[in-house]
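In what follows, chain A forms one complex with chain B and a second complex with chain C.
On to the complex of A and B.
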């Protein structure tokens, strides 16, 4: 497993371990993506987004470790998804915990970005 | 000088300008110390060394035979006839002393010489008188019978009766440059030729009390000459001449030269360090009367002659009225002849105080180094440490003086150095304290400004909060006379301003619009977007009878200027309050709860719900409708309610249902407050993470339609 460590701002403690599986770049996100953490999340995901474009590996966020996501966290996802779309890249999320799944359901985020039940399911669709 | 000017001087050179100037002044003062009051202080300080550590006087190699009051009472007024002095000398010489010094100048003929008597007593035959023994001759004969030294007094001017003494040092080479450094007299007061010839040698008895004496009593004698020149002829001081005679008269006398003049006097194997001008800095011992004998007792033969064997004997005055008294650094008032005794003792033990020419240079270097160290160090260490350090330095320097004196009778003036450092250090520490005070003031000022800023921001936030709350309608006032339904609302921001909003307004006579929204994020950014979203919701629903179309319009307008990518979740319902038909649209918002006949239902938004407004920008929102029954209670809320946390878990929908089921109040506003209280109770003191909004609606049914 390769860890990409990013030079983030001093307060940032969020690391996003990445791995490649079946031609998909899988980014593991964990913890509470609340109002405060969303800023770190936004900074941490920035370098990944820079490589999310047409022809590059599809990016899949592994949300199995995410316990909670606030509207600020959703906004980071929305902006990221919007950027990926502009570059014709693929940006998706998978393996939502029930509480997060409920938030996604209420806010209809499945309409904003592709959501998959599991990593395997996602890889089947996205992988090469 | 103005206060600002003084401060500028203090602060110049990083607060080191003034101390450097003061250090330079201190160095100048130390260099020219003789011109400052410090010279007296230094002399007293050096005296203190001697008082603490006086010279040990265990041996008593010198006996003083004093012509004291008892002698005068017994043998009559001074001057005595010289045959009496001769008797005294003979008594002493009978004991075979090492040398005898006579601290008296016999310059004129004795009053009892036959010639003078013949002139004064013409009645007596001159031949008879001339047959009498001549007292001068008697004294000369006595002096001739042993090693004796007579006194001479160097004179600055040629006086009547003064002459060139005839017994200079037999073997002594004086270099020209050294000669200039030594005390030199054009003439002297000496004894009659006959006596000079009879004696073995002559010695100077000039004393040199310190300069600043106001009178003979006040002057402290610290230094005595060792050697002087009378008309270029060298003469030792009387006590040193006595030692020379004791050594056999052919002992070599050497004045050791240094670059500044003279550094020591050597007589035979004895040596004493001197000042460049040949003066001895005497190390005084405590006086005692043990070695003082009365001339009367000696003449009467009270003491056995053996007493004088192998001793130095000084004959001189020790009587009130005749003697010259001096004050020693030990604070003792002694007859002048005691100094001769102390000089002999000093030479025999080789002990004199040492202050070579380089000592002044050493003091300057120490002052400069310690001063620079203070100037370098004080501004960068804590003031308490700086003060402790200075005290340590001062103690060390003064202590070094005592230590040097103890070690080798060196005279090192630590006190003046320490005193001269005081102004330097004081200016440094004052500057330090001034700077600290300024820093404290600055900090206080910054704190005040920051408090004012905070207060201003708070004030502005409060104003913003009032304006934001003012945007929200008051249902109690709006629908005060309404019979068909009740509405109650409650909005509490987690911060001063928030991103939640609600709306309730009559679109026309029958249609009531209810809306709840939640902008992503919190605080001021969310609140600005909230104001737009709330306003747009109001206008779009009023203008557009089709709710789905109104939703699309809202999204289009909001998305038009949204560089920050904010979005809004919203639930909007239009209710025909006559028929009870509710049309609703949902943009990513929590589905409202419908309390019907005591049970809680969720409004079905699954089929028509869309993403939050602005998330996609062009989502075709759809609407659904349902038929309300009389007594139905509709509860619109934001996630501040369901996501309220007690630190471990969230209240959730089930919690909301429980809370709603328990709520008993009939009055909607009271119910809303009860719900809010129960949420806060659940949170158990944890500050709310999100804004909380509640909008309650109860439909009473088609009462007035009938």
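On to the complex of A and C.
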């Protein structure tokens, strides 16, 4: 398992551990992705997005550790998804906590981003 | 300030219920009654009062027009959408014709849905009335004139009986109007729009419509948090879902319920009124949006004080 650590702000730290499972690159996100953290979140997923293209491993964000996501954090996801799509890569999120899942539904992000109930469910669809 | 009256709440274009919509409401109400009989009008009213708003009422379809009622004798109004026609009739009915009034009208921007009610605002035809149109667009007076000139409208602007004055305001500069401190703020919208913060000794109301919020612009975010700070009521453009506002409808100049809640939480505002409703949304969709927004507020509140959420409808009165 590889670890990419990103200092988010003076009072938070975001770890983005990555691992491969069933032919899918799983990136674990945790903590609060609020307005302050969204820029750092964007920087944190940047190197992962660079390799998210046709023929590369599908990228799946494991959101099981995310307690909160703000509109700015959602926007980062939308831009990442759009970028991956332009490169014909696969980018999705999975395992949202119930409250975060509600935020996705209320903001209608569940309609524009591929979301899966669990890592296993996502790997079944996206994996090799 | 005592209360806020919503005369027009729809965005972009006035809409109205059609016969199918009305029929749907009747069918839903009768289904809910399920054969009950009502012995008195009070019992019937009680039953109707318990029905969901999307069945017993409607959000309405007039475009933007909001009145801020305060202690002074002068009227304070935001925008002149088609709701201004209804408001004008109410003013005539309430004050009569030989009773000159002063109306202060704050214009967010010059798009037609925010001006179209002015030629139908009856007090403008009555000599003795004074109308002061405040705004930050240099072309404000031209826009009002053009709207009431051939071939746009059959009655020329020169036929106005009231004394009409124009006051060009500067964003960020507070002026004292009709007993209120009023501060305009530039907002992101095609051709610019301006929000207004109205402050009396003990109450603050913010009118912020037709305003897009760039989610990667922290400085702008902080600016709006300051603009909304501790407001008793924020009237907020919630036309789109967040997903629409940042994707297919990015740069269309509007915002979402999600951003409204976030800004109001950050600003410690007391109430949020979702406003400038998408014309294609029916009462059921708007009702659902309100329920969802209240839920969002609840689950994202954290340590913030509770924020009261309304979805503005034509005729809604919020006591401050």
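Just so we're on the same page, the second predicted complex is superposed on the first by the 118 of 128 C-alpha atoms of A that agree within 3 Å, B and C clash if a C-alpha of one lies under 4 Å from a C-alpha of the other, contacts with A are read in each partner's own complex, and residues count from 1 in each chain.
Note that in this section contacts are C-beta pairs under 8 Å (C-beta built on N, C-alpha and C of every residue); 3 or more make two chains touch, one makes a residue touch a chain.
Worth saying up front: this structure is predicted, and the values here are computed from it rather than measured.
**Q** Looking at the superposed three-chain arrangement on chain A, would you call chain B and chain C a clash or a fit?
**A** Once chain A is superposed (C-alpha atoms), there is a clash between chain B and chain C.
**Q** So, does A:78 touch the first partner chain B, the second partner chain C, both, or neither?
**A** both
**Q** Mind working out whether A:125 is in touch with chain B, chain C, both or neither, as first, second, both or neither?
**A** Neither chain B nor chain C is touched by A:125.
**Q** Is A:56 touching the first partner chain B, the second partner chain C, both, or neither of them?
**A** neither
**Q** Once the shared chain is lined up, is A:39 touching chain B (first), chain C (second), both, or neither of them?
**A** second
**Q** A:108 contacts which: chain B (first), chain C (second), both, neither?
**A** Touch status of A:108: both partners.
**Q** Pick out the stretch of chain B that clashes with chain C after the overlay, from 23-31, 203-211, 401-409 or 599-607.
**A** Answer for the clashing stretch of chain B: 599-607.
**Q** Where on chain A do chain B and chain C both make contact?
**A** The overlap between the chain B and chain C interfaces on chain A comprises residues 35, 68, 70-72, 74-75, 78, 82, 99, 106-109, 111-112.
**Q** Under the stated contact criterion, what part of chain A meets chain C in this complex?
**A** Residues of chain A touching chain C: 35-36, 38-39, 68, 70-72, 74-75, 78, 82, 99, 102-103, 105-109, 111-112.
**Q** Can you list the residues on chain A that touch chain B in the complex?
**A** Residues in contact with chain B: 34-35, 68, 70-72, 74-75, 78-79, 82, 99, 106-109, 111-112.
**Q** Write out the stretch or stretches of chain C touching chain A in their complex.
**A** Interface residues on chain C, with respect to chain A: 215-216, 218, 221, 241-244, 246-247, 256-259, 262, 292-293, 295-296, 299-300.
**Q** Which residues of chain B touch chain A once you look at their complex with the stated criterion?
**A** For this pair, the touching residues of chain B are 518-522, 565-567, 569, 588-591, 609-612, 615-616, 619, 639, 643, 650, 689-690.
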